[in-house]
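Presented sequentially are two complexes of chain A, the first with chain B as partner and the second with chain C.
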Partner chain A sequence: MSVLSAKLGLRRRGWFALWAAPLPVWFALFFLGPMLLLIAMSFWSVQNYRLTPDFSLSAWTYVLSLDFLWSTFWRSYGLSLLSAVLVSLLAFPASYAMAFLISPARRLTFLGLALAPFFTSYLVRIYSLQVFLGEGGVLPQLFHSVGLSGASLLNSYTALFLGHATLTLPVVLVLQTLALGNVDRTEMSAAVNLGARPLQVLRHIILPAARPGLTLGVLFAFLLSYAEFVSATYLGGGVFQTLPILLTDLIRGGQQWPRAAVVSLLMMAVLLLTSLVTVAWAYRQKGN
Partner chain B sequence: MSNFQFSRRALLKNGLTAGAVLAAPSVVRAQEVRELTMLTWAGHADPEVVGPFEQAHNVRIRAKEYVGGDQMLAQFAQSPVGTYDVILADAEYVSQLYQADYIEQLDPADYPFDDFFPEFQKFEGHWYDDRLYAVFLRFGFLGLSHNLDAISVSEARNYKAMWQENLRGKVGQFDWHLPNFGTMSLIEGNAAPFDLDAGAWQQVQDAALTLRPQVRGFYDYGGTLSALRSGEVAAIPGIGDWITGVLQRDGANVATTIPEQGGLQWTESLSIGKGSRNQDLAKEFIRYMMSPRGQVATATLKAYPAMVPTRAGWAMLNETNPNEAARQNMNLAGANALDEIRAGRIQLRRLPVQQSLESWNDAWVRYKNA
Partner chain C sequence: MNTHLKHALPAWVWFTGLMLVFVILYAPIQSALVFSFSADRFPSLDITRFSTKWYAQVFADARVLEALKNSLTIALSTALVATTLGFAAPYADFRFRFFGQRMVLALALLPPTVPIVVLSLAMLAFFSRVGLSGTVGAIIVAHVVVATPFAMAICRLRLEQLPQEYETAAQNLGATPGQALRLIVLPHAAPAIGAAALITFAVSLDEYAIAWFVGGLEQTVPVTVLNTLQGQVDPTIHVIGTLAFAATLSLVFAAQLLLLRSTKSHKNKEVSP
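Right, the complex of A and B next:
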C-alpha cells in the first residue's frame, strides 16, 4: 500500500509539475533561448552569405561606427516618444468619459468597440490607411474640397503617427480607462464637497492617483511605436528612416544577421532602460 | 487472447494481404507526379508559364521565391545540397553562384544558342573558360519611368528632370542600390557605370545626395507599382518596363524612357543547382523555357514582362500577340529594341567592379538615412 501511495504522490506531483511547466518552458523556449541566441549571433560572422558561428567583434564595431547610427537612433526614439505622448493625450478624454461619465454596461460596449480593430490584421489596416492618405485618397480629396492642398499625406509624420495610433490607441484606451476607473471616488466627492473645481479635482486627485496606469499607457505606446516596422515602411518610409528599417536593411542587403542582432540588442537595451526609468517614476511614492 | 488465435497459414495469408494494402500507396506513388524545385523571383512559376511543361512531363514545379540576389544566395547556401533543381537569377549574380560552386555546368548543345541574337550568345558571366553555366532567359532596360501626366517623354529624355523644382518630393526610388547608383553613375557620365575608381565612386555618392531632397520614398515591388500608378511619385529612376509594362496593361498613363545619358540592362538567366537529383528534368525545363512557347510565356509574364533573346521567341510573340510585341518593340523587321543596345546606349547592370557589393550596400543604407 505504501508503495502505491508513494506512487500516487509522485503522480500527483508530476501532475502539478505538468500544469506548472508551461510558463517556465515557454519563457525558456521563446524568450531566454532566442535572447541568448541573439547575443551569441551578434558575435558570429557571415561568410559567403552563410551565418557562421564565430567570436568576432566586427558586427559591433561596424554598427557602432556607422556615422548615421545615432541620428537614426534619436529619430526613432523621438518619433515614437512624440507618438506615445500624442496618442495618450488623444485617448485621455475618451478614457475619462468611459471611466466617469457613462454606465459600467456602456463602458464595456465602448471598450469592446475600441478593441475591435485588433480583430483585423494590422498589415491590412496599414495598407488601407494608404488608400485614405495616398494621392487622390479620401483625406487629400476632403482637404482639397475645402480649399486646402490636396497633396498626398503619405511619407509624412502625419501618416506615420496615424500608423502608430492605429497600433497603440486601443491599448492606451484600455490602460487609461482601467487606471481612471480605479481612482477612489470618495476622495473625488470629498474634494468636490470641499469646493474643488473639476479641473482641480483632475489635477490634484485624479491624475496623481491614476499616474501609474497613465504612465504605463505612454510607455506601452512608446514600446510598440519604437519597434514598429510596418507603418514606418509603408506610411512614413521615405522621410523617416528608423531603427527597425535599418535592421531589415542590414538583413536584406548581404544577410548581415550579426549586425541586425547588434541593432536589436541596442534597441532592447534602450527599451529596457526606458521601461525601468518610467516604471520607477510611475510608482514612486507621493511627495517625492 | 484465446479468441484471436491464428493458424500460421491464416497469419501468413492475412499478413500478405495487409502488406499489399500497406504497400499500395507506394506503388501508386511511383506513378505520381515528379517534383522540380525552383529558386526564383516571384511570378515565374505561374501556371500560365509552367503549366504546359508540368502536363507534358507529369511534373509539379515547386517554387521558392526570393526578393533579391543576396537573399537568393543565402537561401541556397543555407539549404542542403540538391534542394533546388533550377535557379532563376539575375545575370550579375550568376558569377557569384559559379564562384560559390552552386551551379552545374551545362551543355550548350542542349539549348538553341544558334537562334539567339548575337549580343546574347556569349553573354557575360555565363561562360567560364568556354564552359556554360547559365542560359540567358529574358531581359529588359532600365531608364526613367514616369507618369506622363507629370513629365512628358521629351522631358524624361534627360535624367536631370528629376532635379526640377516641380518634382520636389515627387521622385520615388526602388529600394535597391545597384540600379540606383548605376543610374547615378550614368548621369555622372561614367562610360562603364559599375567600374568606378575611388574618386568616381565618391562622386556618384555625392551626386546621389543632391537628389535625396527630391525623394518621396523608397519602395518595394508592390510599393513601386502603386506609387507610380496613383501619382504619389512622378518619376522613378533605374526601373523600366518591368514596372511600367504592368501598369500600362491596367491602363495607367505611364512610360519608361531611356534618357540621353543611357540606360541599364537587367537580365535573368536559368541554371541548374549543384547536386540536383533531377538534372534531366531541369534541363528539359530550361529547354522548354527557351522554346518559342516558353519564350512567349516569359515575355508576357503577369508579374513583370520582359524581352527575350531568341528569334523564334520574337517570331511567335509577333504571331500570337502582335500588340505586346509592338509594345515591347520586338519587331523582327525594321527598328526594334536591340537598336538601343547596338547604338551603345545600354550598359549591363553589373556588380561593382572595384568596390565590394557590401560597400555599395552600406552607401545605399547611408543614403537612405541621410
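Right, the complex of A and C next:
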C-alpha cells in the first residue's frame, strides 16, 4: 500500500516537474549562465592575445579611465532620451485618436497594424530609410523639386531619429493607446458637466490618469533606442558614436572581450537605474 | 460616449497625427515593395522600367538560398522549443502552487530588458567557452531565450481566462491529469499556442544581432542583409525585404486573428447561458 502511494506521489511529482522544470532549466543554463559569465569575464585578462580566466581589475580601470568612453556614454544617453521624448510626442496625437475618436472594435485593428511592424525586418526598414534619405533619394529629390537643397539627409540627427522612431513607434503607440483607453470616461464627463473646458479635461483628467502608461512609453522608447546600433551606424553614419557601436567594435575587433564586458555591465547598470527611477515616478501617488 | 465629449483640438488634428505615424511605419515597407520591381540599380522617384530581374537574381544566388535554409531551420526549431517552454511554464504556474513560482516568471521576463548587443556578447562568450560558437544549434538555443517571453505572455493571458475549477472538476470525475490537460486545457489554449508559434517563428526569422555574433560563417537572411547594409547600394535587398515583410507580416496578422477570434468566442460563451 505504502509502496503504491509512494509510486503515485512520484508520478505526480514527475508530472509536475515535466511542466514546471523546462523553462527554468533552459533559462538558467542559457540565459543566467551567459550573463554570469559576462560578469566573470569583466575580471579576466588577455595574455598573449588569449582570453584567460583571472581576477584582475585591468579591464575595469582601463575602460573607466577612457575619456571618450564617458563622452560616448553621455552622448548615447542624451540622444536616446531625446528620441524617446520626441517619439512619445509624435505618437501622442495618433494614440489619442485611437483611444478616443475610433470605435473600440476598429481600435483593435489599428493597434494590430501599429504593432505588426515591430516584428518585421527592422534592417530592411533601415535600408529603405537609407535609400529614402541618401543622395538622390526620394526625400532629397522632393526637397529639391520645391526649391530646397537636395543634399543627402543622412548622417544627421533627423536620420537617426527616424531610425529610432521606426524601431520604437509600435511599442509606444500600443502603450499610450492602452493607457488613454483606460482613462475613466465618467470622470471625464463629470468634469465636462462641471464646466471644464476641453483643454482642462486633457490637462487635469486625461494626462494625470494616463501618466503611468505614457511614462512607460517614454521608458521603452529609451531602452530600445539606447541599446540600438543599426540606426546609429547606418543612418547616423558614425557622426553619433554611441555605446552599442563602441561595444560592437570591441566585440568584432578581436580579443578585448573583458573590456567589452565592462562596457556591457555599465550599460546594464544605467538601464536598470533609469528603469527603477522612471517606474517609481510613473506609479508615485498623486500629491507626493 | 465619445460624441458628447469635446476634444482639446479638432478631430482632424488627431487624425493627421494618426496618418503620420502610419506613413512613417509603412512607407519603408511599401518602398521596398515598389523598388523591388524597379529595373534601375539606383532607387529614385522616376522609375524608368519595371522588371522582375532582381527576383530572378535573388533566387539564383546560392549564398542567399543557403542563408534562407539556415533561417528556416533556426526559426522552425526556435518556434517549436520556445512555444513548448512558453506553454509549459505558465501552465505549471496555473495548475500548481510551488516554491519560487514568482521567481520563474520574473526570470523569464528578464531577457527582453537586456540590450541585444549585451546579450549577444554574453552568448558569444558562452558558446565559445563550450565550443559551440559558429553553429546553427547555438543560434537556436539563443533565439529560444529571446523568443520564449513572447510565447509565455501570449499563453499566460489565455490560460488566465480558463476557470481553474474546470480541470480539477474533470479530475474529480475520474480523468487522469493527462486527460484533463488534453481534453480541457489544450483545446482552450490552442489558439494561443498557435499564435505563440507564429510570433516566435517571426521573432527568430528577424533576429540579426545574436545570429551575426554567434553564427560565425553560418549566415541567416538578416545577417546577409546586415552585410549588404555595410556595402554598396544593392537592389536585391528590396527583394529580400519584400519577401521578409510578406512572411513576417502574414505570421503576425495570422497570430493576431487567432487571438482575436478566440477572445471573441470566449466572450460569447460567457454571455449566452
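Convention: the second predicted complex is superposed on the first by the 273 of 288 C-alpha atoms of A that agree within 3 Å, B and C clash if a C-alpha of one lies under 4 Å from a C-alpha of the other, contacts with A are read in each partner's own complex, and residues count from 1 in each chain.
By definition in this document, a contact is a pair of C-beta atoms (placed from the backbone, for glycine too) under 8 Å apart; a residue touches a chain by one contact, two chains touch by 3 or more.
Nothing here was measured: the structure is a model prediction, and the numbers come from that model.
In the superposition on chain A, A:Asn155 makes contact with chain B only, while chain C stays out of contact range. Of the two partner chains, neither chain B nor chain C is touched by A:Leu82. In the superposition on chain A, A:Tyr226 makes contact with chain C only, not with chain B.
By the touch criterion stated above, A:Val270 is placed in contact with neither chain B nor chain C.
Greater residue coverage of chain A by touch, when chain B is weighed against chain C, goes to C. Once the two complexes are laid over each other on the shared chain, residue contacts for A:Gln130 go to chain B and to chain C alike. When both complexes are overlaid on chain A, the residue A:Val279 reaches neither chain B nor chain C. Shared-chain residue A:Pro198: touches chain C; no touch with chain B. Of the two partner chains placed by the overlay, chain B and chain C both lie in contact with A:Tyr234. Once the two complexes are laid over each other on the shared chain, residue contacts for A:Leu178 go to neither chain B nor chain C.
Annotation: chain A residues 130, 136-137, 234 touch chain B in one complex and chain C in the other. Across the complex, chain C is touched by residues 12, 15-16, 18-20, 22-24, 26-28, 30-35, 37-38, 41, 90-94, 96-98, 100-101, 108, 110, 112-117, 119-132, 136-138, 141-142, 162, 165-166, 169-170, 173, 185, 188-189, 192, 198-199, 201-202, 223, 226-227, 229-230, 234, 244, 247-248, 251, 257, 260-261, 264, 267-268, 271, 275 of chain A.
Interface of chain B with chain A (complex): residues 67-68, 70-71, 73-74, 77-78, 100, 172, 177, 215-219, 223, 226, 230-232, 357-358, 361, 364-366, 368-370. If you check the complex, the residues on chain A that touch chain B are 48-51, 66-68, 71-72, 130, 134-137, 152, 154-155, 234, 237-239, 241, 245-246, 249-250, 252-255. In the complex of the two chains, the chain C residues touching chain A come out as 1-2, 4-9, 11, 13-18, 20-22, 24-29, 31-32, 35, 42-45, 81, 84-86, 88-89, 91-92, 95-96, 98, 104, 107-108, 110-111, 113-126, 129, 141-142, 144-145, 148, 152, 177-178, 199, 202-203, 206, 208, 213, 222, 225-226, 228-230, 233, 237-238, 240-241, 244-245, 248-249, 251-253, 256, 260.
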